[in-house]
Amino acid sequence: MNLPGTGIIKGMVETARNFVGSYHDPERLTTIEYPEERLTQPENARSFPMLIFDDDPVKGLRCVACKICEKECPPQCIYIVQDRDERGKPRKFPRIFDLDISVCMSCQICVEVCPFDSIKMNTEFELSTDDRFGRLLLHRDDLAKSNEYYHQIHATEAAEVDARLADEKAKAEAKAKPAAAKPASPVPTAAKAAAPAQPAAPVKSPAADKPAAKPASPAEPAAA
Amino acid sequence: MRPDSAEPDLSALSTGDLVVESPAAVPAPPPPATSGFELTPKPATAPDADRGLLEVAIGPHHPSTHGVFRLNAVLDGERIVRFKPVFGYLHRNHEKIGENGTYLSAMPYTDRLDYFCSLSNNWAYALAVEKLAGLAVPERADYIRIITAELTRIQNHAALIGFLLQELGAMGTPLMYAFREREKILDLFEALTGARMMCNYLRFGGCRCDLPAGWLEECRRVVEGLPRFFDEFENLLSTNEILMARTQGIGVLPPELAVSAGVTGPMLRASGVNYDLRKVDRYGLYDRFEFRVPLGEHGDVYDRYMVRILEMRESAKILQQALREVPGGPIVDPKVKLRNFRPKAGEAYGRLESPKGELGFYLISDGSTNPYRYRIRPPSFINLTILEDMCQGLTLQDALVILGAVDIVMGEVDR
Amino acid sequence: METLDVIKTRAEAAVPGAQLALAPNGAVPAEASLVVDSAHAAAVARFLRDDPQLQLDYCSNVTGVDWLEASIKEKIKTRKLVDGVEKEVEETVEHKRPGHLEAVYHLYSMKLKHGPLVLRQRTANRVDQVRVASLTPVWRSAEFQEREAYDLFGIVFDGHPDLRRILMWDEFQDHPMRKDYVEPDDYEYEPTAHDDVLDKARRHYPVEEHP
Amino acid sequence: MSTALDQLFVNLKHWVVSRFPADWQLPVGMLISAGAIIVVFASLFAITVLAERKGLGRIQNRPGPNRVGPFGLLQPLADFLKMLTKENIIPQAADGLIYFLAPTLVILPTLLSFSVLPMGRNMTAVDVDAGLLFFFAVGASVELAVFMAGWASRNKFALLGAMRAIAQMICYELPLILSTVAVVMVAGSLSLSGIVDHQAGYYGGWLARWHVFTPWGLAGFLLFMTAATAESNRAPFDLPEGESEIIAGHLIEYSGFKYALFFMGEYFGMMAVSGLGITLFLGGWRPPFAGLEWVPTYLWFFGKLGVCIAVFIWVRGTLPRLRADQLMNFAWKFMLPLTLINLLGAAAWHYTADWSFLGATPARWLLGATLLGAPYLALSRRLFGGHGIGPRTYRFAT
């Protein structure tokens, strides 16, 4: 073995280098002083689910209360009651949509299984509170977030979703009115490229450029 | 409680009642179990007190037990006479949860097994399901899996060495260096999967989403910086006399015992057994990459430490190769249904080389959407089998270092 | 590795009296498994470990499986019945399989790098005859895993050096991984939005008000 | 001017004392000295804790405490308030009186040992003739306090920690004292002021004649500081409170202000032995180079103290902990022989002082280096090589 004590001295040199380095080298002092400084969240970041609405926070909800997410949710944190009209006929709208974010484990499976692009992941993370049921059990109106907000936090993904919805709407319209076979906008062709589940590159579709491109009202694709 | 045993009698579950019921009877008979077999009586501890031995419960709350874990140590001075692990403080019956849910819904729970390496856990589970259902994985997805798994390995080993040095009393400096690098890798995970630790990224037959724009470049940058970090780490630690004195010749595990005890991962290879599932099973696309498997000779804690260091370097090599040539194409088998996924009735055992050892998933399907049997082979749990053998006759200080070098995460041990 | 049939015949020759059977596997990889009777399990295991062509020195995974009696009827597990003529006829045979517990061992060879060989031991029923032979003396890795199977399934391993509960606490009475296990109503239900949980919680804490 | 500044505190004390009647002057002088020591070292303790936390933080690539006050400078105050307001827990099974006495007892000896340290010209609180002996005699009683704490807590971890502490302190007492014997031998005095005076003057008219600038002095200083690290239970010899094994050892049951007292005791101990090391080897309050006499002497002393503490922090941030038996081996099989050989080295240096041929100084250095280096190599090789400890090479499978 080499001279005893060299290993210790080598280590001391290394710590001294780090001590000095932490004053000038941003690679070494990586700490962010949180409330004042903030990291920009990556686009894929996720915290807890939210419900997307178009235009109106209640009527515009894309959710149709199909309860697929409730069924598939691994920790069973979603609770949905379908709305009924005066005569007791079920409506495609959640009367109650509760999500217990103290149970939710942010796994995103509800987002994946939702056929209506209605439930998406929020990125808001400053949720600590001492009010277990008031603030951690989120109700429908707490969960409802506008499509514009969705575009703000997940721009690429939201653009794809909008393109897909527009495409589906156009298809539905085409089916409904076979005579008027020509859709008015060039959206479908561009959106088709984005529609398959391989977003290899962020697709710039016209729909992406105008965030609230008014996609189909939520219930319609299923009805068609 | 079985449904046939009428009302659940809560009082029988409280330990207070048991004390009342067993009066002065010298060898208290074990409480009659409902199913008619008895608990083996625990080994008596009375002679220890006579011999002047000290029985110390290390844990459940102890800084070196990596979570809630207890080690019942019987000490003679500071020498270990007995060293019995007590598990279950973090037991949540993960396997039952898995059997109660669909195949997909077990995936996010695998993140929580070994919460340091959620991506390799995901892969192990996906591998088992793919084996069960005979699914193929697109090439691009396999590349992504390898990249994420090797990044996971690096950050796990780095953090582990940090923790090991913490156990050796190094005031957290190596740990902080490890965490500094780990943060960079976790940032990559966050950009890719949306979460830093609970990634829940893989799906049966591929991955959940494609690489975001610019991710590969960022990843290349991080991987390029890794060798510098390894050098720094080694300068700080590898030849440190105190570290060598503390770890060499400590916790020696002979290869025969290691094989018999089912020890896997870096611990097995530190004992000199050449068994790396990346080479043996050739799952994923590992045979496309050139890497070597470091082997120890003495099977002591220092070898375990060095094998991990060298493995990190090899992982960085794999990453460099993989990042050079990520192919295009789909990332998930489009035929695989997300919902109503029903593999044919049968069983499969899928395993891979997780950073801690062989992580296996044993699945029995009865043709329904839920697995009939969902079993995890937790490497760190099985690696603990021979903990007492390794610690025999050493001091308490050594024992905790040996425990640290086993690399346990209680989320996986207790499941 | 040799085929399972070859292993079976060789093992039967090596261990006189051993009753071995093959259990088919319907999954895609179709790794069948070897069922061994508990009386000769240790001897067969030793043969598998020490045989120079097998050298299954590494027992990777040990676990239990709970097969309920009721679930057998609609099962079409043994549907590939061969008639007099060698034809595959799909028949749904309704034969009653008694409920039993199973200890499953996945064996590999580290020396020869092959495997897996799936070894199974079955108990006679699920209630009182739940003993199988412990293979811990053969493979040390079975020690904790057999304890776990004992703890969670209630399979008693004869010859295990230290058969105690491992994950559940010592005073616990039942075996939670059994299919008919009903969780006791003795923990604090965290009230969530779900009605059934709320109901349970109300039943358990009748006085307390829950939102 | 410079003497005025240098003797500022001395004159101040004399002025205050002279206001009192003659009978009172002695006790008042003592009280002033004691008060000064307590105030100065208590504030130094606060600064050290902050510096340690900041320094360790920087070593570990994090900023350290920076929230309380500007740059976190008020952190010690916040710590103090926290310690003061924390619940004082006495375990039911503890031996109440001893449990209470231990923290007080751990502070007193170190404070006493400050009284003999010359912290500047004419700035020794009590200039005892056998100051060195007094220092060690007082310092040894810390062991008692530690054992009291460990025993009275009625906790197995505390007991293990106390046992370790006793074993460690006793076996490092010996090399600690023996490494100072060389100084006593050369200086011919047990008085700390006398030893400082012995280091007056300059080599070649510029480099101070500190003991550390001799081969035996350098070795003695390193040995002394190593033993002092062990004596004050600092990393890498912090076994008694090894937080990863026996959590905090004898401190495990202490909380609130009692814990703070132990904490303070550890830092006071560290400062005391550093002060002694400075006095014995680093010329006490004397400047290192000629022409720097205008700087007040107490600044030199405290400056050196700061450097010593910084090294302590640096070592703590780098090194892992030894094992108990290795610690003993290190003390008995390595430190003790080397300190004895160092006596020889000191003697050799002393008796070759009249060599005046050309190259006499290098020759003397060479002699000293061989005299100490060869045993160092042999002993350390025995210490490590005897157990097959050393770097290894690894093979790879492809």
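A few points about this structure:
Going by the order they are written in, the chains are A, B, C and D; count residues from 1 in each one.
Simple rule for what comes next: a residue touches a chain if its C-beta (ideal position, glycine included) is under 8 Å from a C-beta of that chain, and two chains touch if they have at least 3 such contacts.
These numbers were taken from a predicted model, which means no experiment stands behind them.
With steps allowed only between chains in touch, the distance from subunit C over to subunit D comes to 2. Across the two candidate interfaces, A-B and B-D, the one carrying more C-beta contacts is B-D. Most remote from subunit D, judged by the distance between CA-atom centroids, is C. The innermost chain, defined by the distance from its C-alpha mean to the mean of all protein C-alpha atoms, is B.
Averaging Cα coordinates per chain places subunit A and subunit B 31 Å apart.
Taking each chain's centre as the mean of its C-alpha atoms, subunit A lies 42 Å from subunit C.
A separation of 44 Å divides the Cα centre of subunit B from that of subunit D.
Measuring from the averaged C-alpha position of subunit B to that of subunit C gives a distance of 23 Å. Looking at subunit A, one finds that residues 2, 4-5, 8, 11, 14-15, 18, 28, 30 touch two or more other chains.
In subunit D, the residues that touch at least two other chains are 59-62, 317-319, 384, 389-391.
Residues of subunit C that touch subunit B in their complex: 25-31, 57-61, 63, 65, 71, 75-77, 104, 106, 110, 113, 116, 118, 127-128, 130-131, 139-145, 152, 154, 156, 162-177, 180-186. In the complex of the two chains, the subunit B residues touching subunit A come out as 101-102, 104-109, 111-112, 173, 177, 180, 183-184, 187, 190-195, 198, 200, 208-210, 212-213, 225, 232, 235-244, 328, 330-332, 334, 338-339.
On subunit B, the positions that touch subunit D within their shared complex are 54, 56, 62-64, 75, 78, 165-173, 176-177, 180, 236, 238-246, 248-249, 274, 276, 279, 292-298, 302-303, 306-307, 310, 395-398, 400.
Chain contact summary for the complex, subunit D toward subunit B: residues 56, 59-62, 156-157, 159-160, 164, 235-236, 238-239, 242-247, 316-326, 384, 387-392, 394-398.
Chain contact summary for the complex, subunit D toward subunit A: residues 55, 58-63, 66, 314-315, 317-319, 376-377, 380-381, 383-385, 389-391.
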